[in-house]
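Alright, structures below, take your time with them.
The following pair of complexes shares a single chain, subunit A, combined with subunit B in the former and subunit C in the latter.
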Partner chain A sequence: MSYLSLSNITKQYGDAVVVDNFNLEIAKGEFISFLGPSGCGKTTTLRMVAGFETPTSGRIMLDGEDITDKAPNQRTVGMIFQSYALFPNMTVAQNIGFGLSVRKESKEMIKQRVDEMIVLINLEKHAHKYPYQLSGGQQQRVSLARALAIHPQVLLLDEPLSALDAKIRVSLRSEIRAIQRKLGITAIFVTHDQEEALSISDRIVVMNAGLMEQVGTPFEIYNFPQTQFVANFVGSLNTVKAEVSDPAKGLVTVDGVQFITASDIKSRKKGDAIRISVRPERFSFAEIQKKDNVLDCTIENITFLGSVVRIQVKIGNSNFNMDTFNNPFLELPKIGSKERVTCSKEAVLVLDE
Partner chain B sequence: MNFASRLRKVPFWSWVWFILGALYFVLPLFATFEFSLTWDPANPLKAYQRAFEDRDFWETFLYSNILALATIIFSILLIVPTAYWIRLRLPEARRIVEFITLMPFVVPAIVLVFGLIRIYSSSFNVPFTDIQLMQPLTNFKAGTNILIVAGYMVLAMPYMYRSVDTGMRTVDIRTLTEAAQSLGASWYVIISQIILPNIRSALLSGALLTFAIVVGEVTLASFLGVDAFGPYLFLLGQHRAYEPAALSFVSFLLTWLAMGLLQLVSGGQGQAAGAH
Partner chain C sequence: MADTAMKPAKMISAPVNWKTWLGVAPFLLFAVLFLFLPSLRLVTASFTNPDGAFTLENVAQLVSEPFILNAYKLSIQISAITALGGGLLGFLMAYAVTVGGLPKPLRSMLITFSGVASNFAGVPLAFAFVATLGRQGFVTHILKDYFGLSLYDAGFNLYSFAGLSLVYMYFQFPLMVLIMAPALDGLKREWREAAENLGANTTQYWLKVALPVLLPSILGAMILLFGNAFGAYATAYALTGGRIGIVTIQIGAQIRGDVLYNPGLGYAMAIGMVVIMAVSLAGYSWLQAKTERWLK
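Now for the complex of A and B:
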């Protein structure tokens, strides 16, 4: 049985449907990410779980209790905000203890819990500092400790890393995940950063225009996207127009060049216009490994991206990006040279629009 | 760093404007003070001695201070939740409220006081009957005090509302409120422990302006017939020359002292966002 359940959740502002018939079951201790572009409804859904927004229809059940109409301060839900939202007039210790003092816990209990949380976030030396005396990363750790201090049933994280610089973002996300695992707390993480969602989550909910596009593990979302939107939004993708040439054999043609796909196109007719997608890293040079699709190409451009080298190739009249891992001994082709690239038929995706 | 290079670092025009502003502020004060010392060359402080010997000075000054304090407290009680709610839930009502708070600039105090007298000088009856619920507010001391504090609240509203609203703009009221709510805080806790401490400097400046308005106010106090400091100074000015100058100077210093104490007392705990 699920621990947190969102059933048929819809949120409307006037005529605008922001979240449309959202259904999700979350198990206890699970780390779920809501991933999507701005305005897709991910934050609104999170705010409905927190109680800051009321669903137009649908129910939210937490540990068997209907919390749909409960006020935010009646729910035991910890929330972390992008802007940290630490109380500027309180020290780190006072911020962490605030939720407990509101609950009228004893002074000893508050002190003990605050000390425990400060150790958890490694800010022992900063307990008596004010938020303005801390760095962004430290402030967000305090915010995490403050949310965890009240023993929340669910931890909600609303783009908590967006305001931080790249290095701190990576280290803090690992820290958040480690703490979440250690405490076994159920967490919902809202982000528009696919890398963040892929690296931290047990499952990802990809959202677009208020609708849930796909729910799955990071592996499933990346490798087996079910819609064009998911494939485009998560990772890089080459997408080109194609024509079905043999539905039974999975053959399609792109500007006269034939591709074979493992996707089921049996329901299509010969001559049907479709779009095929291939991830850049699924291409490789034909000499390295022979696969289903062996394609003549011209090297158009080479871009060095650090750990990856992106090679733009022209197959027929269409341009494709191909990614290969960088290494000091990598021999790259020359721009303008004729080469052969290959990809497996599983790599050629035919997705729902 | 030598003096010349230091001097080059001084922003010249900043100093010019600062000195001009300071002169505009200090010169009249100095002239008043200087005039107050010229009554008796043998005893330059004669005007001050006479003024302080007058019981009416102390009584009216104390009374005006109490009125100012009451006005500040009730203004905070009215304006802080209003400005907070508008920022949080009713941003579309902001223009209307701002317009209302500007009314005291347009409607003179004399109109306000005649309105108050006209409405509150008749008794409150049960509608359509002669059964009296309350006698006219202008007929008894407490009623008049309520009227004058209410009137002062209206006069001070533009300053208090703007100070509070500006203070709230400097902190992210909405997110702080939501953070506190998610931690289980009630509205009372949010306002008293989160909002008020974080707009403390704004409240202080609003209180300072309110204090200055109330202590020197003449029109409302005269027409409502209360023995406040403003009418006392006004009357004294009509009949004497030196004492009003001395009292103006003293009342100015006392007002500053009072506000300094207020700042000292409220500035003692923690550091609020507005303070940085």
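Now for the complex of A and C:
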């Protein structure tokens, strides 16, 4: 049974539809990410759950209660903002205790909860500091503690890591996830960073132009994107035009080069124009005999990306990127050399337009 | 996770070229000629009698002459009242056009008006009020002729303490608008949303977050408004002709010498004003230090 339910949520500003018929059921303790480019409606949806925006139509149910029309301060929903939004006139401890203080909790109870939260975020030495005396990562941890201090039913995180540098971002997202698991709290995380969403979520909702493109686990979203948009937005992708040559056998042709796909194209007719996609890491030079697609190619370019080496190959008249792990003890092919690459038929995706 | 609290970067002072000082030379010269030297003259003249001899009589009169004490009392009263009244009105108007969400063109209009009105003082301001709210002012006549309301029969008098306070308000509240509008703009929307999200109502947000954040700006503005009224002379003189004996008018009387003539006493009274402003500023600095301890 779903804990948080968003049913037929639509948000319009004048004629502009920002969120269009959004439906989502979230289980208790689940960590959901809203992933999409700027302006796709993910933050607006989050703000509707928080109560800062009212849906034009649709209902929001939380633990069986309709909260659609409840004021933000009547919902027990914790929110973390991109800019931390810590109160500058209060210390770390006062910020964390603010929610309990306005709820008229006893001083003893507030102190106990604040102490718990400070231990949880590992900032014991900073309890009496003001926000300006903390780094961005520390401020965001205080923001997390402040949101959790009120025992929220749902935790909302609006791009909480965007303002942090790369290293802190990675460590803090792990910390957020660990705390969320430890407390078993239901969380919605808004991000435009696919790596962040893939690494932290139980499920991802990919959004585009106010619409839900796909909902699935990170594994499903990455490996089995259902739409062109999802495939392009999540991870790198080679996409080329192809022609159906044998629908029954799953054969397609790209500039005269034949590929076999595991995608169901039986409903297509021979000669139909389609687009196929292959992720760069699904190509390889090894184990040619076991693969379905064995393709002659020319090495066009090699780019060193740290842990990965990106090799641009020309198959027929089309360029593809292939990624291989960096290994200093393996020799890379020379630019201009003729090679053979391979990929499984499952790697060749036929996407909905 | 490693603690990475920010530490303030050490300031490295680069050697200053003497040519750089040329840029501020006009200001320094101006300050010496028109601030430091007159202040020095003020101090020395306070201890000089009309014959040019040293005396403590002028300073002694500051605390012994009832008319001087009354002048200070009046000046402090009118300054405090118009600072509080103008401050409150200006704050509310600034709030209305910033956080209050009134249409943006209204904000532009108010800010432009405030820029002009905050500098509109002296004889022109006094005349403007006489022409509108004086005994023969057109607003006075309109109210009487069309609405049957006689302001002066109802007790209003433009040439009284209350009338003078009203006139002062005209340049006080725009100054508050000009100072508070940017400060109110500095209140982040996220603070309000975070407070609401944590369960706070509007009153709790204002009492616990917004007002404490704004307090240094409000205090600074109030002291500025106080000083603005405390030092005003021409408006009061043009409007009341010296009938309301605030300090600046008493100083003018001592120096101009139509009836009274004791420049030394006038200078001593000016020193008294400097002391009052210095005490006010010291109080402000103390309060500011208390309220701004969370700022960098």
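Here is the rule we use: the second predicted complex is superposed on the first by the 348 of 353 C-alpha atoms of A that agree within 3 Å, B and C clash if a C-alpha of one lies under 4 Å from a C-alpha of the other, contacts with A are read in each partner's own complex, and residues count from 1 in each chain.
Heads up, the rule we're going with is that contacts are C-beta pairs under 8 Å (C-beta built on N, C-alpha and C of every residue); 3 or more make two chains touch, one makes a residue touch a chain.
Nothing here was measured: the structure is a model prediction, and the numbers come from that model.
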| item | value |
| --- | --- |
| Combined model on subunit A where subunit B meets subunit C, clash or fit | clash |
| Subunit B versus subunit C as contact partner of A:S135, first or second or both or neither | second |
| Touched partner set for A:M48, first subunit B, second subunit C, both or neither | neither |
| Which of subunit B and subunit C A:I315 touches, first, second, both or neither | neither |
| First (subunit B), second (subunit C), both or neither touched by A:L295 | neither |
| Residue contacts with subunit A in the superposition, subunit B compared against subunit C | C |
| Contacts of A:E175 with subunit B and subunit C, given as first, second, both or neither | second |
| Partner chain(s) touched by A:M90 [first = subunit B, second = subunit C, both, neither] | both |
| Which superposed partner A:N73 touches (first subunit B, second subunit C, both, neither) | both |
| Shared subunit A contacts, counted only where both subunit B and subunit C touch the same residue | 50-52, 71-73, 77-79, 81, 83, 85-91, 98-99, 102-103, 130, 132, 146-147, 150 |
| Touching residues on subunit B, where the partner in the complex is subunit A | 171-172, 175-176, 178-186, 189, 193-194, 197-198, 270-273, 276 |
| In the complex with subunit A, residue positions of subunit C that touch it | 1, 3-6, 188, 190-191, 193-201, 204, 208-209, 212-213, 293-296 |
| Sites on subunit A touched by subunit B in the complex | 50-52, 71-79, 81, 83, 85-91, 98-99, 102-103, 130, 132, 143, 146-147, 150, 156 |
| Subunit C-facing residues of subunit A, complex | 50-52, 71-73, 77-79, 81, 83, 85-91, 98-99, 101-103, 122-123, 125-126, 129-135, 137-138, 141, 146-147, 150, 168, 171-172, 175 |
